[in-house]
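Pasting a structure below so you can have a look.
Labels A, B and C are assigned to the chains in the order they are written; within every chain, residues are numbered from 1.
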Amino acid sequence: MAQIEFLEVAKRYANGHVALQNLNLQIRDKEFLVLLGPSGCGKSTTLNMIAGLEEVTEGSLRFDSTAVNGLPAHKRDVAMVFQSYALYPHKSVYENIAFGLRMRKHPKNEIDTRVRSAARDLEIEHLLDRLPGQLSGGQRQRVALGRAMVRQPAVFLMDEPLSNLDATLRISMRASIKALHQSMQTTFVYVTHDQAEALTLADRIVVMRQGVVQQIGTPDDIYERPANTFVANFLGNPPINFIDGVVQDDGSEPCFRSGELSLAFDEQLRAELAGCAGKKVTIGIRAEDIDEDATYADCQLTGEITSLLPVGSDQFIGLQNGGRVMFFRVGKERSYRVGDRLSVSVNPRRMHIFDQASGVNLRANAS
Amino acid sequence: MSSALLAKRLALLVGSVLMLMYVLGPVAWLLSSSLQREADITSIPPHWIPSPPTFSSFKAIIDAGTGAVSTDGNASFVPSTAEYLLPALRNSLIVASAVVVLNLLVSIPAAYAMAKIRYIGRDMSVYFMLATRVIPDIALIVPFFLFVRKLGLLDNLGALIITYLAITIPFSVFMLLSYFESLPDELDKAARVDGCSRVQALIKIFLPLAQPSLVAVILFTFLTSWNEFLFALMFTQTAASQTVPIIVASFTSDFTTSFSFINAAGVVAIVPPVIIAVVFERYIVSGLSAGAVKG
Amino acid sequence: MSASDQRSAMLLLSPMMAVLLAVAVFPVLYSLWTSLFDIKLTRMNNVSFVGLGNYVTTFLDPMFWAAVGRTAWFTVSAVLAIMVIATLMALLLNQEFRGRRILSTALLIPWAIPYVVDGLMWKWIYDSGYGALNGLLLQLGLIKHYLVWLGDTHKTLALICSAFVWKEVPLATILLLVTLKSVSPDLYAAARVDGANVWGRLLHVTLPAMRPGFMLVMIYEAMMAVRHFDLFFILTEGGPADASHVLSWHIYVETFRNLSFGTGAAIAYLLALATFGMSYAIIRLLGKRL
């Protein structure tokens, strides 16, 4: 049983720096939760608090309804994989993996069984006698995983475990970690700054920024209904395109206006924004929602191509319109040149809209 | 070979020779003098190379220690305190070893705490520790002397041991501290998550990894204790507790002593420290480099 | 940090604190206390409080100031000599060449031997009747007959300084070598591309990068020189005619020969304050970038 609960938790350091504020989070048993955000957002601090490596300054941290604020790390049933793997350089791979079990006084033969079984699963059986210094990065990472796996802990913590790997390995390891979660049926808490990783792995994502939780939800929730501009910008590759402007009511229906540009809203927004003429807003348009055909007549933009990057089977286009550049992808069928004028259209139902000052999502069904 | 490379090689050779002469010259002469007869080294100019080398001075030292009468011509120039040289060697060894052991027991935990635990008062404790060494030893001799005298510990090896302990702790802690700091924090975290308390993490993980630093600390502590003179001069009065530097110093003030004997005594006095330093040479640099310039 | 961490830390620190407080702090305070009394070992029953009287006596004593002057000369000369020689040796040892290991091992020998033997060794070399220095110079034809060395008041302090420098150079060299090794090779590469030759690289990359090392060595050696005692005891006992009567010797004489503990403690305390002030001054003046 491993339900973890943060109740009004804050983390303050002696020098006044606040790493976390008002953290309220319930981590469900067996879920794969990802803490996502840029550096300094407090995600590693949160993880360390679950591990018992850092103290909770305010609020209550509970495991299965029991407060564990003062419980030291070595008494908690958590295992952790570190960004730098933190393998003991003077111990063999076998000893590295076995260490946690030895410290908890498991019987010898049980240790041996568990270590070898984990090594087999991770395909590092042939490395058991080597020292960490003799292994490649990918191999070390698997040893670090093995060390955590054998403990069969109630909670599995991972602090950016893939960021030191090269790109191809990273992708294959993501699949392995997901599979591991399925087979272990344990709560996983995973920290990363890589939004693609979060979207792939998570059951739920907690997006954080400067110590404050921005949004908690499933990958779909977060991607489709971002709570604010920060979340919208952080997720998605290439990043979402923002345009600042105002709601204009030219007598008929509200629409978006920015300088010369005018874009229509869908029915839902037209209803919500009736009577909000003059309201300053920011709209967000994802690259995949920009079409090079004139599918949506009242939602068109014309601009000059300022950059053109071939990316595998697509082209990455930067289109300049009224002082801003928007990025989107098109197929390679049509060939463009820098300087060409191009008209694109935007699906109004896929348009995000945020309050310009606060960044908060204005759509009623945003999470 | 280009002329620039040749010039560089030549410069290196000349530099090396000069350095070697500067560093080893005096010691070589010490050694050479100890292996010659008195007449040879007091000639003008002296014979530079012993031919043939003779161990009579060394024999005289051993004879003096065992109370035997030396049948060599050098016998009459043996200083009155010569018989104490061998016991002094024993005293120095006892003191130095004891200090090393105690030093490690005290310094390692302190250094670990300072390096890895961000406790209240950490910076202050580091400064305090370093500050205890800023005061010159001579400033301490009066209170030390009175204190030790009051405790009746004059002429007792224990007084030396505890004093040397206090002298060597700051440098040891500082070296170990810097080395521990250079070990990744995540190792400490991994150990704690794996089930180690702080103390267990220190013993099982950090100590094995800190070998170069430990060796450097042992080396430094041993040498400092072996070579120390001022406090030994104050605290010791008889052969029961006098260490090697004191006995050797007593030779130089005895005007009837033969030079070859003194030089032989000098050689005997430096054999242990030199051997230790040479054997552990590579640890000194690596132990210092993690410690020194971060200062 | 957590309460249990704080407890662990206190536990781990307690042995060290106990030793230092008992053996290092207490004597310093007691030393200050002693300096305020007129204490003579010859009449321990008759001890009177004189406040700053001992200090006044000291400041009025011309011997004291002479000793200060000699100490200052000794220290400055020693530090300069050590810096120059150690820098040259460190630069040499930083090069890669066969036999370098032999050199660095040999370097350790002066460091390993006790000052007592160092003194004894140089005393033998400087001996006016049979010393190697005389012998060498005679053989090289530089002198016609044996000279007095340590006994010559003009040469005494310089000779003791040489013996001191000889033994201090190894540690200084190692400390500087460590600094040298931490210079990134990229800097040298960039300098070469920019057109600097050997001297240019030395002047503009190496020496500036060694600044923290220089600072450390200067402070450490200055402190060592100011308080040095052993050689003065072995070689000249403050003589001849007080030529080598430095502060540390002055304290020794006052305490153990004149048996005046009060004034001895006072002078010692002044020396302690001066050492403190000196290291502070060096750090502030020259150490913006340590």
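We adopt the following convention: contacts are C-beta pairs under 8 Å (C-beta built on N, C-alpha and C of every residue); 3 or more make two chains touch, one makes a residue touch a chain.
Predicted model, so just to flag it, every value in this text is computed and none were measured.
**Q** Can you name the chain that lies farthest from chain B, using the mean of each chain's Cα atoms as its centre?
**A** Greatest centre separation from chain B goes to chain A.
**Q** What are the two chains with the top count of C-beta contact pairs?
**A** Greatest count of contact pairs is found between chains B-C.
**Q** Can you work out the whole-Å distance between the CA centroids of chain B and chain C?
**A** That gives a centre separation of 16 Å.
**Q** So what's the Cα centroid distance for chain A and chain C, whole Å?
**A** 59
**Q** Using CA atom averages as chain centres, what separation in Å is found between chain A and chain B?
**A** Roughly 58 Å separates the two chain centres.
**Q** Which residue numbers or ranges of chain C touch two or more of the other chains?
**A** 1
**Q** Residue numbers in chain A touching 2 or more other chains?
**A** 72
**Q** Can you tell me which residues of chain B touch two or more of the remaining chains?
**A** 197, in rising order.
**Q** Spell out the residues on chain C that touch chain B in their complex, using ranges where they run on.
**A** Contacts found on chain C: 1, 5-6, 8-13, 15-17, 19-20, 22-28, 30-31, 33-34, 85, 88-89, 92, 95, 97, 99, 102-117, 119-125, 127, 129-130, 132, 134-136, 138-139, 146, 166, 169-170, 174-175, 177-179, 181-182, 212-213, 216, 223, 226-227, 229-230, 233-234, 248, 251-252, 255-256, 261, 264-265, 268-269, 271-272, 275-276, 279, 290.
**Q** Using the touch definition from the top, list the residues of chain B that touch chain A in their complex.
**A** Those in contact with chain A are residues 184, 186-187, 189-197, 200, 205, 208-209.
**Q** Spell out the residues on chain B that touch chain C in their complex, using ranges where they run on.
**A** On the chain B side, the touching residues are 9, 12, 15-16, 19-20, 22-24, 26-27, 29-30, 33, 41-42, 44-46, 105-107, 109-110, 112-114, 117-120, 122, 125, 128-129, 132, 134-147, 162-163, 165-166, 169-170, 173, 197-199, 202, 223, 226-230, 233-234, 244-246, 248-249, 251-252, 259, 262-263, 266, 269-270, 273-274, 276-278, 281, 284-285, 288-289, 292-293, 295.
**Q** Name, in rising order, each residue of chain A that touches chain B in their complex.
**A** 48, 51-53, 72-74, 76, 78-80, 82-84, 86-90, 99-100, 103-104, 147, 151, 157
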